[in-house]
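Okay, so subunit A shows up in both of these, paired with subunit B first and subunit C after.
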Partner chain A sequence: MSKYVDRPRFGCAMAGALGVLRAIPRAIPIIHASTGCGYNVYNGTNAGSAYLGGGYCGATSTPSSNIIEKEIVFGGEDRLEEQIKTTLEIMDGDLYVVVTGCMVEMVGDDAESVVKEFAGSENPPVIAVPTPSFKGNSYYGYDLLLEGLVKQYIVPKEKKEVRTVNILGILPGQDVLWKGNLKEIKRVLQLIGIKANTLFGEGETLQDIQHSAVASLNIIVSDVYGSLTAEAYKEIHEIPFIRTALPVGYLQTEKFLREIGGYFKIAESVIEKALESERDIYFDYVERIADIYNDVDFQRYSIVVSDANYAPSVSEFLSDELGWLPQLTVITDFLTEQQKQKLERRFEAYASGLKPTVRFDTDTSSVRRYLKDTWELDSNQRYYDSLGPSVILGSVFEKDLSDEFKYPLITISFPVTNRVIMNRAYVGFNGGITLIEDIFTTLVAGR
Partner chain B sequence: MSIFNESTEVEIRERRLHSTLSYHGDANDLNEKSKQRALSCKGRYYGQCSDCAEGCAETITYHVIDAAVVSHAPVGCSVNVSNHHILGRAVSNARGLETHKVHMISSNIQEKDTVYGAAEKLRSAIYEADKRFKPKTIFIQASCASGIIGEDLESVANETEDELGYPIIPVYCEGFKSRIWSTGFDAAFHGILRRLIKKPKRKQEDLVNIFNFEGSDLFIPFLKKLNLRVNYLIPLASVEQLETITEAACTAHICETLATYIAAVLEEKYGVPEVKVPAPFGIDWTDEWLREIARFTNRESLAEKVIQEEHAKVLPELDDLRKKLKGKKVYVLSGDSFAHNIANIVKDLGLELAGMNTLHHDLHSDSPLQANTLEALIKSSGNIKNVTVCNKQPYQVLKILQKIKPDLLIVRHMNLTSLGTKLGIPTLFEGDANYSIGYDGVVKMGRRFDEALRTKKLVENIAAHTKLPYSDWWLKQEDPFYFEGGIQK
Partner chain C sequence: MIKAVESAAPSREERLKAGIAFCGTCAKLQNSLNQKDGGCLNAANRSFSQTYGCQFTLSLGILNTIRNAVVIMHGPIGCGFCSTANVGMGKAYKQLRDPSASGLVWLSSNLDETDVISGGEKKLKEVIFYADKEFRPETIIVASSCVPALIGDDIDSILDDLQNQVTAELVPVVCEGFKTKLMATAYDAVYNGILKKLTKYPNREEHLTETDLEKQEREYQIKRTVNVFNVGSMSRADELEIERLLTALDLNVNFLPCYSASEDFSYALEAALNVSICGTHDDYYLKYINENFHIPYLIDTIPIGRKNTDRWILKIAERFGLEKEAQALIKKENEILEESLVPFRNNLRGKRVFVSGGEVRIIATAEVVQDLQMELVGLKGHHIDQFVKPVFESLKDVDDIYINIATQHPFEQVNIVNRLKPDVIIIHTGSGNITAKHGLPVFPLYGPSYNYLGYSGTYEIARRLNRIMKNSQFNKNLSKYRALPYKKEWYEKEPFAYIKEK
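Take a look at the complex of A and B:
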């Protein structure tokens, strides 16, 4: 039996799908669900993803069938059909996507057959991607939505472009730095001559998604997410995929570029040249903190509470680039045993030789317990060594923990309500510099 | 017929208060049609998303001190917890209370549970909430999913209540049950009335119940002028505080939509009189509100003295503000009947009330003696043109605003504010529903309007670069109410 969750750090499948639609220019979502679902998702994700805003057609503007008891009893397909028809009249978009709430799935509405009535007309395409929320959370919804686009919208391309790739695994909204991260991934790949389509990054349009089948490889920058989409690309459009970790900072990004470069058999000299130039820039910045780091002794114990994408990479970054002592990492997603094992391996080969205690738990108040488990408690020993100084990198839910133990908190993962995030990234070379900036800004803030 | 009955659920607003979600006309006409119950709760051919009863119930249950909440729902319904953290933290700190922590667990209803039932999961979540948070009461919030599978919340509540020895309170706030999200307030209050509130042990003659939306602490200093104490309800009230609300001298609230149900029941069942004049917004309503409270607490002459002093205090600045704001048109967009409260301030500032939209409208209240704020507003401000009712629906509001072209917009619901900005209209957010009470509230609103008008730079910049998501056909459409009606009649 699956268990309860103490303060979930994600939305439902529909929330993940709406996050993707929020990110795609001129895509119009049509929610088939109760009246409150759309706004609840917006309200949670706007604040939780560091003030993302409603965008072109999100928030209270999102078209929604707003079904009520009558449709629960008699079915809501007629109401959905009416809503699609009127949405096509009133909302100005290039692609209309029906997503569904749990209640209409429970009563058996078939959104996919309803949209068939709109196929082949003069209208822009209307597709349906059922997103039953009792089957999964935002991570699942992201994957369902993209899988739906791959199956129903993306144009087949026989001829592939060499060294053109699509980027998967970064979730708009759920990853609060998604847009900056996509931008940096695109930039670093460009350094070694690879053209990356991030699907909904800066300047990208619906056409980029529509024609994404020209890629010769899909790169999933996530150990566990994006499978449905990648498999669909592979099966329908014959695009293979590889998975990498989310590369945070110099060391991980170098590894990432070598891995992708190796796949495309890019000349060693090209990669080396790119790395040399980036290395100069990167460490010219990083060297700046050497003074303050040593003068004030900024070595810290680290406590990382984050999702399956960020937690391993950030923990490794803190250990192997900042020279911190990795104490505890809690990964807060729903994961299978197999996925957990895979993620565990990410903690086993730190250059520092250190390894944090790794726990998997979706419950917010469990973090405190794990923290106490990893360190001997103060029972009035003569020379008690407290766990400190420490820093927490987590979500805003860690505020209570931060207050209680007086450990500064840097919010990096959903929900992040105490920051406004626009185009910054923690991924790549520039991301590493920004993360250092944010961490040390927090530490010097009181000066 | 009594207002309160022991049934598990309170009747939804469409049936209980004959609420409507669509109307356009003027204030007089709406008031007359309401009296004749001549409006029904129709749907729309085209809809945009809005709120639900579960969300409204959360604004109460998540904020009871020493309580925990089990949301019997798929995890996604709880995506908004972080906003409750922000609110709870900010207001408890501002009021000098211990920082409020939202204690909630989602039962995480999954596919299998929708087939085989989820009572076992609910029970385990309740016991876990007990273990983790050591609460004095636990609310069980229903959801669309738990409602459809027909989960027997009563049995689980009774059983766990026996075991844990404190109240376990089911709140029937399934999102699909009512189109009027405020039904969620009633659902939470009904649960509290059924299982938490006790008979008075004694009377506290100087204690006034104030039902509010977790706003800032302005009632304590205000009622101190009458030597009265304030019992802020329900957000940030403790369980003990709730048990004893029946001891208060009277009950007032800042919005009829929020609290007329519980206020009427407190009067009917426990003899706590309800203040039956509109909330203290605008000078005239504040006068009457103070007099009514004074009547229940035997402070009539003191009230007259306070009224006189307060008038004298605010008049000079009001004169000044009226000059500054003269000729400006303001449009009010808020819930029923809070919109009436805001609108009643408009005349005091010499502004023109260009129109008003309420997000729903109750054709009557729970008791015929309760205030009719719409009628009171007509009395104080005259008939009002451009009065509409719609549940957010920015596509419609946009057309109304483009037609009326107000100089200022004031809104109580998040995200509708940015609609004003996108259209280039300086917009005030009335998020803190206590902020504009009393005499000072009129002055403060005037200052805010003045400030909003002094520079419109952000508004202009955003408006100049915003693309609206509507088709040319809709932008040229003459009738904003084109899509009213629809299949759900």
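Take a look at the complex of A and C:
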């Protein structure tokens, strides 16, 4: 049984699913749920995801059956059927996806059989992906929706293209830098001759998703998310998958490219050449702050509060690239014991030899407690070695903590309401540069 | 004898015969409104619909502003997710009322599959104990969503059982979304919770000795005190303007419910008059207070635009025998404002305006539009009920003006805007992604950091509208390069094509 959450850093399963549909050009969601579900999710995602906006047909434009008491008593399938029919008349799209809310799931509406009535007509495809939100959060919804597409929409391809991969594990909306991150992952893989389909990255369309079964490998850049989708690809389309960490900065991206390169048996010389060129560019930029970093002592203790994708990678980046002191990392997702153990191992081999205190907790107020536990308190002794200077990398929920301890806050994970984020990334080589830019901008902002 | 508060507020389609679906002229709408039970307006709905707020999400618009309170979203993990948007701004707005106010804290009881079968009581208790211990708030508000309603959690009795085990006052707000198609039912749901737990006479220290003079002074102050029932879409600047106007009549002013602390609902029972800013919000509460605590109330127009502000002030003044003073104030205010509006009229005159949002606010804002000698070409209201009637009186020559009643539903908006070809759109939040693509200047109908109310609000609307009209390149580019999601066939149909009678 799950527990309550103090200020959740994610929405419901439907939020995760709508995040994916928001990312796919000309995909039209049809919400089968109570009136407020869609609008609630939009308001959470828009603001929390650094102003993602409603896009083509999100926000209040999202078709929704808006069921009320009557449909809960008598069943909402007729209303759904009517809504699908009218949506096809009005909304201009290439794929229509029914997602469901808690109420219709509880009363037992069968959305999957309702959409069958629209199959084979001259209409674009209409599919249903049940997203009962009492069963999981945004991360689960992302996986359900993509799994649904794999099972119902993606065209089987017997012949696979070598060195063509799909990227999974980066959640639109939940990862506030999703689009920039996907772009950079695609770019770095291209450097070693691998063609990556990120499904909904820049310039990618529904066609890319539809034909994603040509890939010979799925790469999940997440230690824990995307299982349902990867398993469905494997089972139905015979595409194997591997998991990697989310690569942030030079060192991790080098490791990532060697790992993927190794899988595809790409010549060492090709990888070396790519790395040499990128390394040169990367450290040419990093070198710029060598002066200020060393002139004024820009080493910091760090507190990272983020999800299972970002927290390990960002902590490692701070330790092994910036030469900072990772003090506390709080991973804020719902995770199984097995997943926690797996993530713990990401903190065990830092080049710096350091290891932060790692905690798993979904409650926002817990972070403060862990922070107090991790360092000896000031008991008014004559000389006190304080935890400072420090920097917090977290969400906007860490604002109060930042104010209380006077540690600057850099918002990197959901919710981020104090920044507008467009195409920037924190993964890959370019992402590392951008993260350095954002961190040190915060440190020099008062100058 | 104080009447027991009902267990939950009824839906507004039942209580007020309110409607959410209509397309036609203002004359036709007013005709329907004057028929018994709102004529054909009440039952109408759509065969194609788009998402909009439910009473749960709209309730949070008020509940999230209450000071020294923690809000528990009793439901699955997503209910109340929209609060994410209030984290930063909410704190700043609270601090405009109380500089030491802390930010918004909410918790989700996170009902899961097990709870759906076995009930949410256990989780709710755990989260209440946690909230009480961790945050020590004055008030814990429990807003309950669809799932607990369907599984039959009895929130009132769960909270009653817990009340003596916690230090915070536990306030139940029963606001499941599926109950109503009218999201404005939310206001009643919130007030229902406030009535249950917070509406009680203040625990004043008794004076052992009080001279007649002191007693008279105390009672006199109460007789000059007005509670103004604000709305979440108001700004602190709006409140200051209202306060300025009423204190000019030598009245004391309290604002509630938004940004109040829980005890403010008690102190508000020591007042001579309850005045609603917007009729759509408060009748459920003010009628109950009148019947049980004997404070008269005023629900009339909203003080937006000169005519409505004049009327609103006069109506209040009448209750205190201050008509003469009010007339003098109104005259003076109008003289100064009139002069200040001239340059804006020169720029704005004849421009075609479409106004969309809450029923009361759009009609009042349309009066400002007419005052600026712009041309009102169309209206779109979230819902319709009797409270709009007094506001309509401020408009001239609107019989043939097109009005659409739709809570959001931008698909009808695009069809209508396409026909009416306005020069500027004044609109409620929630459809910016669509409205931008008309390529027109867009002026927000409200804003919690801008002044819209009172005389200064009229000036601010004029000033900002004039500014916004100066450059709409941002939206023009979007309209050119980003498509709307509606098929071209839709624009050829009548805007009411998907409205059905039942």
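As a convention for this text, the second predicted complex is superposed on the first by the 446 of 447 C-alpha atoms of A that agree within 3 Å, B and C clash if a C-alpha of one lies under 4 Å from a C-alpha of the other, contacts with A are read in each partner's own complex, and residues count from 1 in each chain.
The definition used in the following text is that a residue touches a chain if its C-beta (ideal position, glycine included) is under 8 Å from a C-beta of that chain, and two chains touch if they have at least 3 such contacts.
Since we're looking at a predicted model, the values are computed, not measured.
With both complexes brought onto subunit A, simultaneous placement of subunit B and subunit C is prevented by a clash.
Applying the stated contact rule after C-alpha superposition, one finds that A:135 touches each of subunit B and subunit C. Legend: residue contacts after superposition of the two complexes on their common chain; A:304 is shown touching neither subunit B nor subunit C.
Once chain A of one complex is fitted onto chain A of the other, the partner contacts of A:78 are limited to subunit B, with no touch recorded for subunit C.
In the overlay built on the shared chain, the residue A:331 is in contact with neither subunit B nor subunit C. In the superposition on chain A, contact is made by A:63 with both subunit B and subunit C. Shared contact residues of subunit A, touching subunit B in one structure and subunit C in the other: 1-8, 10-15, 28, 31, 34-48, 53-54, 56-57, 59-69, 72, 82-83, 86-87, 89-93, 102-103, 106-107, 133-135, 137, 365, 396-397, 399-400, 415, 417. The part of subunit A that touches subunit C in the complex is made up of residues 1-8, 10-15, 28, 31, 34-48, 53-69, 72, 82-83, 86-87, 89-93, 102-103, 106-107, 133-137, 365, 396-397, 399-400, 415, 417-418. Contacts from subunit B toward subunit A in the complex involve residues 43-55, 70, 74-83, 85-86, 89, 99, 101-102, 104-114, 120-121, 124-125, 128, 132-133, 144-145, 148-149, 175-179, 181, 391-392, 394-395, 413-416, 418-419, 467, 469-474, 483, 486-488.
On the side of subunit C, the complex with subunit A involves touching residues 47-58, 75-85, 87-88, 102-103, 105-116, 123, 126-127, 130, 134-135, 146-147, 150, 177-181, 183, 408-411, 430-434, 482-483, 485-487, 489-490, 498. Remark: subunit A residues 1-8, 10-15, 28, 31, 34-48, 53-54, 56-57, 59-72, 78-79, 82-83, 86-87, 89-93, 101-103, 106-107, 132-135, 137-138, 365, 396-397, 399-400, 403, 415, 417 touch subunit B in the complex.
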